[in-house]
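Which chain is which? They are A, B, C and D, in the order written, and residues in each are numbered from 1.
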Amino acid sequence: MSTTNSVILTIENVSKRFGGLLALDKVNLSVKEGEIFGIIGPNGAGKTTLFNVINGVYPPTEGRVKFRGEDVTGLQPFDMSKRGLARTFQVVRPLSELTVRENVTVGACFGREHLPLEKAEKVADEVLEYVGLAERKEMLASKLNVAQKKRLEMARALAARPILLLLDEVLAGLNPHEVADMLGVVRKIRDQGITILMIEHLMHAVMNLSDRVFVLDYGAQIAEGTPQEVSNHPKVIEAYLGDPKVAQRFLEGAA
Amino acid sequence: MKTLSSPFIWIILVVVGGASLLPILTNSVSLREDMFLMLMLVILASSINIIMGYTGYVSFGHIVFFGLGGYLAFFLMKEFQVQFMLAALVGGAGASLIAFFIGIPVLRLRGAYFALATIGINEAFRSFFTNFDLFGGAVGMFFNFSVYDAYGGAKNAGQLAYYAMVVLALVTIGTSFVIKKSKFGLGLMAIREDQDASMVLGIDPARLKVLTYTISAFFPAVAGALFFFKNGLIEPGPAFELHRSIEALVMVMLGGYGTVTGPIVGAVVYERLRGFLITDPTLSNAHLVIAGVLLLLIVLFVTAGVIGWVRQRVPALRRYLE
Amino acid sequence: MNIEALIASSIDGLMLGFVFGLMAMGLTLIFGVMKVINLGHGPFIVMGMFAILVMSQLGINPYLGLVIVVLLGLLTGIVVYFVAVHRVINAPELTTLLATFSVNMILIGALTIIFSTSPRGLDLELPSFRTGAITVLGTRFVAVLVAVGVTIALYSFLYRTRTGKSIRAVANNRGAAELMGINSSWILALSFGIGTLLAMISGGLLATLFSFTVLSGGGLEVKSFVIVVLGGLGNPTGALFGGIIIGLLESITTIFIPVSWVPVFEFVVFVLILLFRPNGLFGAR
Amino acid sequence: MFSKMTRLLWIGIVLVTLLALAACAPAPTPAPTAAPPTAAPKPAATTAPVATAAPQATTAPAPTAAPKAAEPKKLLLGFTASQTGAQQVASKKQIEGLQLWLDDVKKAGGIKLKDGTTYLPEIKFYDDESKTDRVQTLYTKLINEDKADFLLSPYSSTLVKAAAVVSEQNDKVMITAGAADDATMEQGFKKTFQLYTPASRYLTGAADALKKFVPTAKKVAIIYEKDSFSTSVANALQPYAKSIGFEVVLFEGYDTGTTDFAPFINKITAANPDAILGGGHFADGTTFSKQLFEKKVPIQFVAILVAPPEPTFKDIGDAALGIIGPSQWEPQVTFSAESAKAANLPYYGPSNKAFTDAYLAKYKESPSYHSAGGYAQGLVLQKAIEDADSVDPAKIVAALDKMNLMTFYGVIKFSTDAKTHGKQQAHGMVYMQWQKDSAGKLVTQIVWPLEAKSADAVLRK
């Protein structure tokens, strides 16, 4: 894959402490332009916390976050959005009493390009077409099913025309058919040139999609590399995959 | 602007404006008085709807701006003989400014805490004005009748105040519509639905909310100025009457939260109902009870309000009935 | 300013504070259990006042009457809950606010029809104790005893009985409590009843101290909000302390500043606490 | 189970509501079930049923000519009343007084002009909920829709101010009772006439009385409710008290709605005054008096506004004892045809006794000064119509401007100065006190002015 491009996001020695709990412990990673970067780890490993620190939901206790060469540590989420960062939520958060189209329009209006309303609506229509929600655009967001809500989140994030997209478990709760669809969408997004940082539990999907994978366990990074390297990493096998054979199966499933 | 090409808003404005002309055409002063009060309530309900219906912040003490605008304008008219419309606008601007500074800290509060804080602010201002001798303290301020001579006598002044109130009502409704249909309004509704998610989508909630609060303070303030100008006197009690604020919330709910037409319909229905109950000989004793029972029935069974209910029932109308 | 007046006022304020605390406890309990700001709180207080008035007119000793008020309050609260609150218990805040506001309108309207808005007072005399400028009013002394007694009873109920524990469970997490087999509707209704009876008892006590009208509830309701915020929303002990603080604050500031400025001071403090200590002065977090 | 229970409750509610409606709807008879026994009459019933007791109302000396009873013309008097809200009590008394006047006029066969035209007054009123914002709308309605010929006033200064703006705007004559605010009558009104003694003269007499009753008194505390009326009273009292040699050791207002006076009383006690003057309205006045008593504050002279003259003030028991109150009128006043002659004034209307007895017979309650004010509103209008021999507003205004007479309610004369036109000039206050009669029952007595006294003043212990 074309991973020789420049670095777009750097996390340097980031720690995050909640009271006595160390949720992130000196994490370092860098994401390159155009790649799909997967983050895996058991429940409670600090993956979502890492996302929250990256997009400014809370500032890191220590360490720096750099985005496109600029130090963005401690910036607010809306500042990050303007700089071209978009994300979806692990638990979907549709704007329930707004229509699907309005939801996506919000993304376009307040995202990187800060489009005026009319242009934003056009973008919303395009994006809805793209993720396959076009027929439902006049529905209230609360009336969608889970898979559709996931697509809506994705559409809303895309409408912001991000440079880097954070996907937090977009596949969770989908049936195999819907997973396959969604994987297609993610690939298409990457092919547009948008860098993707994704948290995923569905192992074969991560291994299959990602150019590189990063493993967190109890807030600490234990491995980083290509899917192959990571799944053979002894620490990963010990901490996460448990059994080397399981790891092998994942890779095969992904192939 | 594309928003203003929507036929919907023009229909509303024509209906409201047309109704406002009735007292002039029929030359009925008492109808004019009724309409004056009703338009004032429409303004109050619509501006509360901007902060509450669009942004999701239940401002219980919104009446504070009515009082502040009334007091500022009254002071200017009485002490400096400022023309009433100018004084009203200055009163509105002053109240907005105060809203801006109050809004910055207070809008950080959410839900019940915000609602309680607005009550506290209103009560603090009311008791402050009771003690503030520059503005007449407990006694309040009153005009000598000669003030009205500048407007062709008291009778004519009432007429002028009415015209001003009509214009203000139309502007308020127009603003409410423009906000709702704009990018700004979309941002507000995103905040209402999920403030944290809206931040991630690129919205700076603090900025938008303070701005909204500032705007929504302007209209009741000007309405207060007009009301007390016509009244000829202002006192802390009637100026900062918490009950009126809560009644305005009731109107918004009655008509439909978050819609442009809802507060208008709510204000008209509520005011007509109360007016009817009070003047009806057999019901007047029980008017509070009856109004209460009706309100309860609506709250329990028609949660979305009249307009909201119609929108739910007839989805085809959603696009047209804002 | 004079030190004797200060001491005398502190005692007066402290004693009144207990009754204020009891009054606010009802409001905070309802909020704590079901996240409802009860705008019917004022009329409930007033109902307590008039219940005592009616009973004393029938020749029942006001303090004995409080026992009947307890039952009346519980019943009223449960009825009001099922009529006005139950259906919208999961709806947004605003809906429950308006539902309880309509209860307020209905009750005030009905009370006005029955009693008119003329001021009433109980002709109740208890001996007061006096040394120098300091007078301890008998009625207040008894009111403190009742307030403390009711608080202790409430806490024993909440912490010692099965039902009380269920109330606390529902307050903590309604969904989980339901999974544990607790009938939450019933518990919510009961809590609303208890909140109401607290309001009514405090109303009954206030009636022994001051004259009152059907409309007295408005001011007391707002005062309850202040106290509840001071003590932390949903925290009954906090409410008791909040009441005492407000009682003391009002009485002590009266000595130092013109009395009419006391409410200004009080409401500014209220807003500041909301801004800087939204969990109340004793908020755990 | 609970949804079932809720449904049952709902059915109950609906039934109760329906019952209530059914009970009200076909009931124009004067016995509303739910209302208190002396409930104000329904607004629609413009004239009340004739009272059974027949007082000897010495209504105006009718013109000698006794023409054929031509069909009497209707004369509509409009006003608003506080049937709900804070001012309900006093407002009710005021209407009761007015109603009694209507009865008397009816019995006399209406108001007769020299040409034989007879006018039969009727009243129409709406509930203003004690709130100013309703007042203006309702007065406009009375003027324009109901076509009221003359206006009477609501109760309390604030509401009257709002009403007067509308009546002046519409060039209607309005006779006000229940409004003592000086400021109201200094707005350059042309057709508004005030029956009450203005607030500025409410308590000045009490200061005089203090000087007489407690010659050693030096220091007074003036405390007042922070509202329009009480503040004007206090603001006028302070310089007056100083001018007659008192030291004002405390001059402080308290917030409307204050319920607990204990700390404030401590503060007053600390200032060590010989007398307390001031007050506000009914609720605060009674609480203040009660707490003063409970705290055994040893101040001999206490005079407060509004509350003491109300008969229900005695509900606070012994705490009422010795409290003095300024009153526009009391049942014991001594205005009579004789005293009018002595003062060289014409006397008009029923005797004081006739009024008091008739009131007691009709309402089973003694009249308060608010009741007297209500009756006087009608009486003054009646006299003005007779003097003007017309119902033409301009002529009525002229008649009112010239009026200078005594009634059971006292002397009435209006200012004709452009700035204070219509302000009451002649009516004076009396000061009543709660005392114990020989049977140990609480009664009111007039103690000041001395020439009107019905008993000697008693100092508090």
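One rule holds in what follows: a residue touches a chain if its C-beta (ideal position, glycine included) is under 8 Å from a C-beta of that chain, and two chains touch if they have at least 3 such contacts.
In this text the structure is predicted, and so the values were computed from the model without any measurement.
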### Message
Give me the set of chains touching chain A intersected with the set touching chain B.
### Response
none
#### Entry: Fewest touching-chain hops separating chain A from chain D
2
#### Entry: From chain C, the most remote chain by mean C-alpha position
A
#### Entry: Core chain by centroid distance, with centroids computed from Cα atoms only
B
### Task
Indicate the whole-number Å distance between the mean C-alpha point of chain B and the mean C-alpha point of chain C.
32
## Note on the structure
Cα centre of chain C to Cα centre of chain D, whole Å, reads 36
### Task
Report, in whole Å, the distance between the mean C-alpha point of chain A and the mean C-alpha point of chain C.
50
### Task
Any chance you could list the residues of chain D touching two or more other chains?
13, 34-35, 84, 226, 253, 255
### Message
Residues of chain B that contact two or more other chains, please.
### Response
127, 130-131, 138, 285-290, 293
### Query
Got the chain A residues that touch at least 2 other chains?
none
### Task
Treating touching as the only link between chains, describe the layout with one word: line, ring, star, complete or other.
other
### Summary
A full list of chain pairs that touch reads A-B, B-C, B-D, C-D
### Task
Quick one: which bits of chain D touch chain C in the complex? Just the residue numbers, please.
2, 5-6, 9-10, 13, 34-36, 84-86, 88-89, 92, 226, 252-255, 257-260, 262-264, 266-267, 269-270, 282-283, 286-287, 290-291, 294-296, 312, 315-318
### Residue ranges of chain C touching chain D (in the complex, touch as defined)
1-2, 4-5, 8-9, 12-13, 16, 79, 82-83, 86-87, 112-121, 123, 125, 128, 130, 133, 135, 137-140, 185-186, 206, 209-213, 215-216, 219-220, 250-252, 254-255, 258-260, 262-263
### Message
Looking at the complex, which residues from chain A come into contact with chain B?
### Response
55, 57, 76-78, 81-82, 86-87, 89, 93-98, 102, 105-107, 109-112, 114, 116-118, 120, 138, 156, 160
### Task
Would you pull the chain B residues touching chain D in the complex into a rising list?
28-30, 32-34, 36-37, 127, 130-131, 137-140, 142-146, 153-155, 158, 227, 230-233, 235, 237-238, 241, 244, 275, 278-279, 281-290, 293
### Query
For the complex, which residues does chain C have touching chain B?
31, 35, 37, 39, 83-84, 87-88, 91, 93-95, 97-99, 101-110, 112-113, 218, 222, 225-226, 229, 233, 258, 260-261, 263-264, 267-268, 270-271, 274-275, 278
